[in-house]
Structure formats: C-alpha cells, structure tokens
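The following block contains the structure, expressed as structure tokens.
By letter and in written order, the chains are A, B, C and D; residue numbering begins at 1 in each of them.
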C-alpha cells in the first residue's frame, strides 16, 4: 500500500494549542497525510483553518458528524483512514463514538472522556468494532521512557519498592480563566474538563507514565486536592499517596500553581537493586543509580540500549529529540499498525506500542478515586 | 574573654561517625577547643579515643556523669563551658538533663530524644536553667537555606501554597543491621532510635528544614510508613501529606531504601509569585523561579544576598562550601552566643541563629503524629 | 498562493543520514512538500528511495542533471520550487551551480563546497541570479541562539571580550573508515570532504555559530590540527586561538576523538557586563551571568524574550524543542521567504533569517586559513 | 609523639583572604595547632591579628625574621614545627628561604615565587636541607581529582590524546585595582605578583592540575595573553595551545574578565577509550564517558573508588565536601608526613601526596614560557 495514511482532524482550529502539536507530530515522519478536518464547531473558523493548512475547501467540514458522513461516501482511495480528536475533553466521547460507529480508526487526545460511564462505553465499542484506538499520553513516546520500562520489565532494578511521579506547572497560579485565555477557560470548567482540574489534565499523564514504566497497578490512593486560586472551580493542585498491587508505595503530585515551573514532569522508581530517574524537560537522559557503584547516565542513542529505546530515536546521540518527536512516536506507531492492518500483516511488536483505550479507562478511574479520596479525606481502593 | 570556648564531648569514640563530624565542625573556625570527653560508655575505648585526639588523660572520662562531676570541680579558667552530645538517640535525654542540671550549656545531636515526655522535660529544663541549647539540625546552617528563609520572610514569593520536602537515601536497602554495621544497628532498633526509623533519623531533618525556611507550622499529617526490608523493625520509608497552618499543602518523604540515592535532601516551596528549590547535594545554588521571567540561580557569595546568607559563608563565590561548613555554622553561632553570654553582652541577631530545644520538641511531636497517622491510616492533627 | 512550497531533493537515499533529517525538518511545519528527488547517483537506489517516500515514479530521477531538466519542463503549477542538496561535500558545488543556472532556489547542506574558488563562484551566481540560497548551519535555528544574538546586538553584555566555542564529538576515536561506515568514509576522504576533516565538518558549525551570535568577524587564527587515529588522512582534532576584528580574543576547538562526547557543541561569550553560555545538548536553556547579581536561566518560551527567540519556538515552555525543530526553523524561514518572493511580497524580517551563501564563503575561508596556520605553525590573518 | 603539629603563620593578618583559608584548612582535622605568627609586616596589625586568634602575645611577631629567630630559641616541646607562608607572591621567596635555612619545614601558597631564579634556588635549598615543603595547589586535594589521576595512571582511558583545562573568573572585569581592593591591587602589580597576572594567579592552578591528573608534561605552548581592562598592568586573560611530551594536544585558558564566572576551574581529559570531566564548583562528581556505553557519574564516597580517592574524603556520600576540605587535605597530608618524619617512620604513600617545590618550579617555568610565547606571537618549547 504505497501511500501515506490519511488523517481527518476534529478540533485544532485557529487559536488552538494541541491541534498544531498533533499535526506536527503526524507530519514529522512522512507516514501520515492530513486530508480533511472539522477544525471548529464554528463553520467559518473551520474553513479558515483548513485554508491555512492548504486543504481543498470540500474536505473542510463544519462538524465532525458532517465530516464522517461525507468521508464515508468518498472512494476508498481517497477517504480518510482515521480521525484525530484534539478538542477539549467534553467532545472526546461524542467524536470518538461517532468515528468508531462509522468505521474510522481513532487517535484521541487525553484524558479519554468525562467520566467512567463514557470511558467504559468507548472501551466496549473499540472491542466490538476491532478498530485501532490510540490515546495520546505522549510522554510514553520518549526513547528513555522506553528504556526505563524495558529495564524494569527485565528485572534490572529488582522488585519495585517506591515510585515518585511529579507534574508541576505554574501557569495557572493566577485567575487566568478570568481573562480571555482559552486554554485556561476550558481546563477549569467542570463541564468541559471533567471532575478534576490539574489532576485530570496532567495528573493522568503522571499516572499513565508510572504505570507504563513500572508495569504496576495502583491499588489505593489517599489524595488531597486543592483549588488555591480564589474563584477557581476545579483543583489546581493535588498530592496523592499511592499503594501498588505488589506492595510498593508511592507519591504522585500534580500542580498548576507551582509558580515558575514550566512542564516539569518527572518520575523516580526505586527497586531492590537500584533506581531510575527521568525528567521530561531533559528527556534524553535516564539516570540510573545502583546500590553500590557509579551512577549511570543513559542517553538517547548512546551505547547498548534496549531495542525499544533504539526504535524510538531518529537521529544520532547528542542531537536532542524533544516533545514533538516523542509525540510523533505515538503517531508513527499508530500509522505502522494501521498500515499493517490495511495490508493484512501483523505489526512489528516494537512499534505496536501506544496508549490504548484501556489506559484511558484506568485514567478515568484514577481521577474518580482521587476526587473521592480527597472529598472523604481517607484512603480509597482503586 | 580572650580564649576559645571549651567543649566536652559525650560519645563520638573510635568507630563513630557523627562525633568526628561534630569535632571538625567545632574546630573549623578556631572558636572552640575540645578540652575533655566521655567518648564511650566503654572506659578503655573512651581513653583510647581521647588519646587519638591529643587530650590529656585526666580529661578523658569513662562516663558522662563522671565528666560532669569532675569538670564541675575544675577552676573556671579550665573547665568545659558546654557539652556536645553525639551519641545514639537513647542517650540524649539523660546526658542533656545531667548537663543542664550541672550548669553546662548543651549542643545535642538530633532528634532531641526518644519521646514527647522526655522532650517536654528538656524544654522545661532549658527554660528553668536559662542555659543555651542547640540541636544540630545542621542543614539549616547552609547560606542558601538562610537566603531562602529570608526571601520568604520578606514576602518575595507571596503567600506560600505548596511545599515539597524530600530526603531519600539508599544505604539501608539491604538488611545491613544483620551484619556488624554499627550505624545501621542502632538506627533500626526502637530502643535506641525511638518510635520511627527513617522518619526519625532523616524525616525530622526535612521537617525542621521546611519549618525553618517557610516559617509555617504543620497542622495535620497523613502518613504511610513502611518497613520494606524483611526483618527490619522500624520504617525505612515514609510518605506524608501535609497541611499547614496557613492553608498551604505539602508533601514530605523520607526513605532509606531509595536505592542508589546518597543523601539527597531537597526542598521546594511555591508561593503566589514564585518558587524556590534547594538541594543539599549542590548546596551553594538556590534556584528561584518566577511567574514570568528568567529563573535565577542564586549562589553562595554572589551578588546582593540577604545579610544572613552572607554571614554564613566563609570564602568567595565559586569555592564550594559543603556539609561541614554548614555544620560548623551551628557551632560558630553557638560559640558566638555563648561568648556573648559569658561576657554579658547581647548576641548579634545574625548569629543568634541555631535550632533550639523547641525545634526538638516539634520534631518529636512530628514523629509521634506521623507514626500514629500511619498506624490508623488516617489524617491526624499535629 | 494557497499551496505548499515544492522541494526536490538531491542525495539522501536509503542509508543516508542527513537526508532524512532534512526531510523531517522540511515536513514539520506543513509548509513544504517533497515532490521529487534524485536520491542517489545509483538510479536503482534512487528509485527505491523515492518509493519509500511515496513519490510517483516519474518524479524520481537518476541524477540531479536529469531532475533539473525534467522539472524545468513541468508546468509551473507542478514543478519543484527549490532543491535541497544533502549529498557529501564534493557534490554540493555542481548541484548548486546547476540548480541556480536552471532557475531553482537552493537549500544546501554545509560546508558550502570544497574550496574558496568554488565558494566564490557560487556566491557570484547567487548574486547574479537573485535566487534564494540557504546553507543549513542548523544550530543557528535554536530559539536560545536567537536570544543570545539579540542580547549581544542590543549591547546587554557590553563590548565583547572573549569567546569560547567548542564542538567535541567522540565517534571517530577509532579507525571507523576502515570498516564499512559510510559516514566516516567520506568525511575522512580529502576528495569528498575537502581540506579539513573535523575542522570542516563541525569546526565550521562552531565558527558560524560564534559569528552569528556575536556579530564579530574572525581576524586571525593560530591553529593546531592533528590526525590522532593512525591511518587517518584528515584532522580529527583541532585547537584554534582566535582574534576578532574588535580586539576580542577567543578559542575554538573541534574534535571527533573526544572519546565519549556525543555532539557537545557549546559557546560562551563574555562581555564587559556579563556573559552567556549555550550548550546544544540542552538547547532550551541560555545561561546568562552578570558581573554582580544572580545568574539567569533563560528558557525557551519563558518570560519576556526577544521577538526573534519567540518567533522560533513552537510550543509552550517546558516542552523541549530539539535538533529537528531548530533544523526545521531554517526550512520554515526559507519557505516563508520563498512564498513572499513568489507572491511578490517582502518577507517578515523575523523570518528572513537563515545562513546564506556568504556564510558559506566565510566558512570555506576559515577552513583554508586554519589549515594554513596549522601547517605553518604560526598566526595567519583571515 | 602524642601532640599536634605546630604551625607558625607568615601573613594572613586582619583583612587578608587566603590566610583564613589556610587556618581553617589546618584546623579541620585536629592535627595541627597554630602556635605563633607574623601576620603582617605592620607590627601593630600583627599583634591585633594574633589576639583575634587567641594567641599569647609573646608568640605574635612583627616580622618573619623575628619569628624564626625567637622560635628557634624555644624548647623543642614548644617551638613551631613548620611555617605556613600566606603572603602575596613577592614575599614567598624570602620567607621560604629564611625558614629552610633556620630548619623549619614549609607550607607555601602558590605560585612558588616571582621568577625561575628564585624557584631554582628554593628547589636546591629543599634538596639540601631535606626539609618538607608543600605548595598549596589545593585543587589537587579533591577526592575526585585523586580518582581521575588514578584512573589515568592505571590506563583506564588508554593513551591520552587531548586535554582541556579552564579557569575562568570574572571578578577583575573592572579596574578594581583603582579602588582600595587589596586582593586586586597586589595581583595586578608586577612587583608583587610576578611576570603574569591571571596566568600566574590561576593559570598555574590549571597547569598544575592537568599535570597532576594526566602525569603528562607540557612540551610547547602557544599563548595569547591580553590585558583587557584599560590601565591594567598584567594580563587578565590568556589562551594557550598546548603540546605534551606524549604527542597529546591541549588547551588551557585562564581569565579574570570572564564576566559572571565565579571560580569555574575545570578539566577534561580524553584518551583512546574514554574521557573524564571534573568541575571544581561541583567537585564531588567525576563524569566519565566511554567510547560506547553509559556515561558514569563517579561520586565522592560512592561505590568502589581508588584508595587515594577514598583516603581523601571524610564523610559519607552525599554530604558535600568542598574547597576547604580539599585544602585541608594538603595540610593533613603534610602533617602526616611531618609526624612520620618526627617519629622516624615512613609516611603512608596514600598520604605522602601534596604539591612539591618542583611543582612550583614547573609552574614558574610555565609562566615564563607563556609570557614569552605571547610576546613573540609564536610557539615556544617549555
């Protein structure tokens, strides 16, 4: 099948943030072509956005429903293969459901949707339809995250005892939603964001990352969520104690009032024999400490790394690969699996590696339980 | 009073760790002279230790009781001015009480003692006798810790919202107390260490540091303590959620099974306007982040710093000052105040700055409440 | 002109390194479309490469001469707008000259060509034809490099006194050209690489970077080039003292035998009032030091930055942008200027910012003078 | 010999900088006692300084000549064992010569003296008298410097190819000697500092450090010295190309106009198999890079280190040891060797490790040749 995979985008019109990120990520490797879009619920804005993107006018739609209907009617050699949903959270469910019901594969931004009911319905639909579904917990796309996961899976650290996952940001330290700031407005609005604020927006990234890397499942949480900024309707900060299914303990915190912090996601995992530390803002280094012996700095592209770490780097060591490259790994892997599907082949396991609808379900449950624990001021089983 | 202050040491004989640290810290600035000691409860070992330290035999004692008795009888121009207690925790109370009752000033290693009852008795004794008492929470002696405290006190960060204090070590990742390791043996023994293990040994350092820097008081804790290493009798890891008296929230963790970590005490404090980060292993840098604007690296000795930060550095910028220098600041300040006392002067407020018996009381209460919260699996008011 | 700019590629077939980098860089922003290519001098390999890239067979050529001839004949609505030359150095001159003579704009990998004669001929041709020409000294594409340049241009550091530019790599520490390693083979072959090895391959990047950032011109050099690895035909290490036109002094070194180094390009510039430091491997931080006052960490996307720094970042602070994004800035700026040209508009000065053929000429002269200085073991005027 | 070694100090009176450093360094380990001093050529100032240091008035002298004469006459159980010379450079020679002639061992600040003639005379005197002589090139006292030396000596990096030693400071960026600044005044005065400014003051530290670590000897230099600050009489910046006796190449630079730099001494050494990097401002880390494999962070006190690195650390890993501790290692080793000498024993080779008068001679020759090379603008054999 000598062609690129064809993507239709939902959301991501002029003024949006994450839509442009998805487009760059999809474009980077030359495996995906943007062929159509419903970029805004405002039809004029959608058209203008499509024009900016050099799309022909007839492939720019005023709603996702229209897009699916029209694309469905196009010849197979032309119509989109999958949708990419890059809207605020409250639209995810409807758009994803519609796509699955119309037979389109789906890439969806995180978190999956607004609540467990929606989440389970989507999970069931994916299972029924057998269509591909990727959730863009993009931080799992970094090569050194793959390396950490592989090392732990291979037992190099011994049994895991302690996990510390952090996601501090500072950009919501003031009442930004009181101004025109679009990103702040929907993220602090329960109707569009869901039951949690910072914990849903970025806490789920930390949760997904730690489960991905460690392979552990969270068994119980004790949370303390706070809305520090006067007038704010959702938590802008949350601290969580964690207990894992293997007896390990942990801490997870997410904050959007950690004044001066940029996007400082990090994770530390300690096992019986050693520990790893990874920081998203300097993502090409994985620090590995040992009980007795020199600390190692594993680096993207240097020396013997696990095949999964090698498979997710593009350029030689010392040429820093960043956020977009990690994001692009989700898209490249999705495109790889989609192509294999369309060609009737099995995907290479190295690339059949992107967050699934079930990761999304676990994320929704995490949000629900953290909110409950904070409200009840006690430990809650997950 | 043209002479050095005279110190008698209790504990710190051959094979001890922290005793040598205290001696170096006391010696560094040429203000204190070691004149006598009861270095071990084993009289022969005490003698041998005193000989190593070039002390005359008659000033080396077989017990602290003997030392106090004998020194008390020496002429004022000769006898010790204060004792330095550097034994395992269970000896602190008895030695400190005896010293206070005999009229000697006291420097005491942390934590203060074994329980609240002892703690309150010592606090009362210090008040009654009016003698000087310093507790060596040495990490508050670093210049950049002083700088952080001063900035927060002056309101440069605005109201404080979030605090994260960490103290990971890895050295107890194995059952070290099963071997002959003396440091491990007493620290994991409830009779000699107290109700908590890691939380008492290093958690209290983190607690003291965060209260010192922020000026806040801990209002409630929710803790999860664990003894990971099979056979261990006290926690080797603990995660704690914190609530402060001003509404701020926080996290404190202490671990001695964070495999590969050395002595990685750190603190982050976020206010309305900015945040600070300090890491003990690179102590001459204080990172200050602002809501919008360049991150600053304040450095020991560079540019306009608060007077308290300047007063606790000894050498020009770029000549790294470390753990012993910070420790020595406690001793130098103690000596300064003691000299002022002996000369009937007021101490310079810049130097009248070392942890007190009341800090020790708060530390003991912190241990007690954390242990209770973990046992009850719920929030506990402090 | 509602379409992407059309690129034809010369070189970059299967097994090449830099070709793929150029393609990702060109694709990232959705402004450029790869429409044709002469990917290899081996026609079969060129075809296979084109197929991998989903190009129609008739737009994949066996030689660049054929490509120019055929593309020239295509209707304007279809034919390529510019060529991207990504071959080993010895092909640059011929390909660039042919493109310019046929009326195609040019993006060319660095260094410009093999010697001064070729360089001056290309410079003259660009002037004559008035066509756009970009040389991919990609490191100038980083936002924090733009910031450094703007700060110095605005006099924030005062008059510049000292510059230290370094480019250590370690990958040629062994006789790699003795194996099948294609990248090593041509880079160590005078016929394909030119008069210098490491100094041409990466030393010119350092030279270009320092001239870009400081605005200074190198006035004299004193160089010491060495081929450390037995059997190597070109320098794999070089140390150079620099004197600048304003009286500043400097050091530049490039090495490919700095064992263990990845791609550690860095620059430090010191003026009367302060200094800056930038390191390519952590490119989103610009360290700024002042005579007296806190060191600042300027970060991509944080706080008030110069417009040129803002204009070359794509995503919010803390989402690391790397090598490909900087490389893509060259392409995006080139596409911006090309579009303006095709639409008869002036380019926005913020984006009219990419290395030119004259930068390439200066790079060739630098190589020539460094080689001469090393051979003569004395200072040489540039 | 159950007593401390007895030190008499020359220089280091009120207002001096390095004298206090020497005193702290000598005091730290409890092996040395300050018993007398000629702290200033101004007798009143000397007296006042001695009083500050709690010395009896009769052991505080108005000149070093007087001190030697008087101390010589004291009973052996009382008189000083060695002098510590901490004056500006121009006094070193006279004081050291007088001490040696009177039979006192010597610790002397660096550089050794003012010129080669003086240097060779001192070297000869040390040989003749057989007395101990230590030159305080204190940076060789760091544990991780010992580790680097041992690794290279053992061939772990293979044959050395490249060395980069840097010593940037910024404190002389302005005409500080025009004010009352005592440190600036003598360092920029040829009569008190010698033939070089920055190159003598700190360049010799870099030179000593690189020779100590690598075991190589400098064979030829090509230098470019500059006095940037108008009115300055000695170089405040210098760049030097190096050739070593084994064919290795290098760069050394020293600057006191590197605005914003504190005391950023660093060294990188690359061999056939790997490279090391050490930075004085974070001295407890030694970065070791390998041709292919993870970079290692060796840390003071962690894991298996060479015995010499272990022998020069005092406290467990993660408790940072700094400048004073490294400086104290010179004194502790000197005291160790002195005690062994006085007791008629051999010193432990691990501690018989401090810079010698011959290091000082090489430093003086380095200064001389660098100044000559810069003046002649050509390579000069050392």
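Please note the rule applied: a residue touches a chain if its C-beta (ideal position, glycine included) is under 8 Å from a C-beta of that chain, and two chains touch if they have at least 3 such contacts.
Predicted, not measured: the structure shown is a model, and the values here were computed from it.
Enquirer: Using mean Cα positions as chain centres, tell me which chain lies farthest from chain B.
Expert: Following the centroid criterion, the farthest chain would be C.
Enquirer: Could you compare the number of C-beta pairs in contact for B-C with that for B-D and name the larger?
Expert: Looking at contacts between chains, B-D has the larger number.
Enquirer: Please tell me the distance, in whole Å, between the geometric centres of chain A and chain B computed from their C-alpha atoms.
Expert: 44
Enquirer: Using the average of all C-alpha atoms in each chain as its centre, how far is it in Å between chain B and chain C?
Expert: It comes to 55 Å between the two C-alpha centres.
Enquirer: Between chain B and chain D, what distance separates the C-alpha centroids? Give it in angstrom.
Expert: One centre to the other, that is 34 Å.
Enquirer: Listing for chain C: what residues touch at least two other chains?
Expert: Each of 261, 288, 290, 295, 299, 302 in chain C touches at least two other chains.
Enquirer: Write out the stretch or stretches of chain C touching chain B in their complex.
Expert: Residues of chain C touching chain B: 288, 290, 292-299, 302-304.
Enquirer: In their complex, what parts of chain C are in touch with chain A?
Expert: Counting only chain C, the residues touching chain A are 2-4, 17, 20-21, 23-24, 27-30, 34, 51, 53-54, 169, 171, 261-264, 280-284, 299, 301-302, 314-325.
Enquirer: Name, in rising order, each residue of chain B that touches chain A in their complex.
Expert: Contact set of chain B toward chain A: 157, 161-162, 164, 166, 168, 170, 173-174, 222, 224, 226, 228, 237, 239, 241, 243, 249-251, 253, 255, 257-261, 268, 270-275, 288-291, 295, 377-379.
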